Amino acid sequence: MSNPASLREVARVRVIYGDTDQMGMVYYGNYLRYFEIARTEFLRQAGATYRAFSEASGHKLPVVEACVRYRQSARYDDEMALFAAIAKLGGASARFEYEIRRLPDGALLVDGHTLHACIDAAGKVSRIPRSLRDALSATAAPPPPAPAPGR
Amino acid sequence: MSNPASLREVARVRVIYGDTDQMGMVYYGNYLRYFEIARTEFLRQAGATYRAFSEASGHKLPVVEACVRYRQSARYDDEMALFAAIAKLGGASARFEYEIRRLPDGALLVDGHTLHACIDAAGKVSRIPRSLRDALSATAAPPPPAPAPGR
Amino acid sequence: MSNPASLREVARVRVIYGDTDQMGMVYYGNYLRYFEIARTEFLRQAGATYRAFSEASGHKLPVVEACVRYRQSARYDDEMALFAAIAKLGGASARFEYEIRRLPDGALLVDGHTLHACIDAAGKVSRIPRSLRDALSATAAPPPPAPAPGR
Amino acid sequence: MSNPASLREVARVRVIYGDTDQMGMVYYGNYLRYFEIARTEFLRQAGATYRAFSEASGHKLPVVEACVRYRQSARYDDEMALFAAIAKLGGASARFEYEIRRLPDGALLVDGHTLHACIDAAGKVSRIPRSLRDALSATAAPPPPAPAPGR
């Protein structure tokens, strides 16, 4: 990652049958579910649950772009560590980056990003409210000195 | 089926990778998606789209019970015929029955039912509105003389 | 539950956007994913992971019937406790029962069961191998004296 | 699209509840399911079903990258037209491009691409077999004179 944001481990997920396809691997679309889990837990750990944020302010952060690069396959019953970071925080947009690593060996399975617009309750593009911006900015601060687990 | 309702073919669906699991068969939970497609198309053919119904009246028909019996496995790229019928129409409830058959041989893959309550816009149990009741009653009328395709 | 089997809490799951539908509740088919998580973790805690079991013996436990009763709705970001039990252990079949409860109040959201056949590597119905039978029988033993969490 | 490949309509799909999330729109990960449907039907219309291809040759085309841009939201019960094209055909890779348009107005909802490697039965990167290459090359031929429906 050339990006200055420091990815942090935010959740662990175990692959179920319902996530796999007949190649015995996680279906490619399901990684976007894992990205959502990572994003949600990232926000929760920043002190800003998406549910509270969207209910309080009426704002939402719909995805306008998502990209996934598939490096290695996750298989049935694998446990995975989900990493996320805020890579860029614009006035009315935010970019998250992700890595998904297999446990216990830490092998990189997937990385990617999502780009989000901020819209208000009327559906108009809107500045990210200060409360969320402050929470997110705090997470983009200097990286922790120790390596994240599983990397 | 001992039930007097006549199942009719209402849609065809082809199995994609995203529907299968690592046994190479459709994941067991995904048949409830096919039941929804069958139910929706059944209503559409009865002249009552669920979208128009719920938007116009504010009523909804949430599922209160669903059962599926798995007879044979649908596999990747199989084309399936979805059959549905109204098995019972109560004052504030409706029961749909389903069969899913493989094409072109008509082999029975899955059958089952869903039971629905009618609730109004406030979330209270409510009588099924007359417009929907009339449309559904019409479908429960005498069965067509010819056997349904694929049976 | 009139069943003698004692349900035990085996996993916790938080509802993501990808699990909900436009009624703002978990899509009815997705509870079968939660049942799978519950079943898998139940087996793991019994000392018999399904992955190891199926790889070692070539046997599988495909679902032949699944029923779900929907009591209350799980909503976005709700945390849920998943409970499972072996309700019946036949020669070549097993029946699991499930409850899904909302945290922290323990409200019952969903209950249901799945019935499984045991098949061997050739796809023939087969007796459940002794190693799995022993692990499962142990779990059907006398219930723990203290109430399970969240009930 | 600056790309010379001509997108063609290959399938139509109607949005079900199971595809939506609590914003009332199609969940962002589900568009990768639609991309798969588009890709599969594109191949079928080129005379090369993916199932036959992978069973005959043992080759597969796993996704190594997927990107989606979300322009407008598809909603419950919307009917959508799926468009696909082969944008690039390398020795051991293929790039598909996609557009998803709402019917009947043809509004662009989503576009994106997937990049695929060709691997043989042993999982090694391999040249795309001639039979598939010929079928795909034919589809990249001169565009049809009339505009595709819905554009």
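Residue numbering begins at 1 within each chain, and the chains themselves are lettered A, B, C and D in the order written.
The rule is simple: a residue touches a chain if its C-beta (ideal position, glycine included) is under 8 Å from a C-beta of that chain, and two chains touch if they have at least 3 such contacts.
Keep in mind that this is a model prediction, so the values were computed, not measured.
**Student:** Moving step by step between touching chains, how few steps can get you from chain C to chain D?
**Tutor:** 1
**Student:** Please compute the C-alpha centroid of chain A, do the same for chain C, then give the distance between them in whole Å.
**Tutor:** Computed value for the inter-centroid distance: 29 Å.
**Student:** Where the CA atoms of chain A average out and where those of chain B average out, how many Å apart are those spots?
**Tutor:** Computed value for the inter-centroid distance: 36 Å.
**Student:** Measuring from the mean C-alpha position of chain A to the mean C-alpha position of chain D, what distance in angstrom results?
**Tutor:** Their C-alpha centroids are separated by 25 Å.
**Student:** Identify all positions of chain D at which a residue touches two or more other chains, and write them in rising order.
**Tutor:** 17-18, 23, 25, 29, 32-33, 36, 76
**Student:** Is the chain-to-chain touch network here best called a line, a ring, a star, complete, or other?
**Tutor:** complete
**Student:** Help me check something: in the complex, which residues belonging to chain C touch chain D?
**Tutor:** Per the stated touch rule, the residues are 17-18, 20-25, 27, 29, 75-76.
**Student:** For a test of understanding, state which residues of chain B touch chain C in their complex under the given definition.
**Tutor:** Against chain C, the touching part of chain B is residues 23, 25, 28-33, 36, 60, 62-70, 73.
**Student:** Under the stated contact criterion, what part of chain B meets chain D in this complex?
**Tutor:** Its residues touching chain D are 14, 16-18, 32-33, 36-37, 40, 49-51, 76-77.
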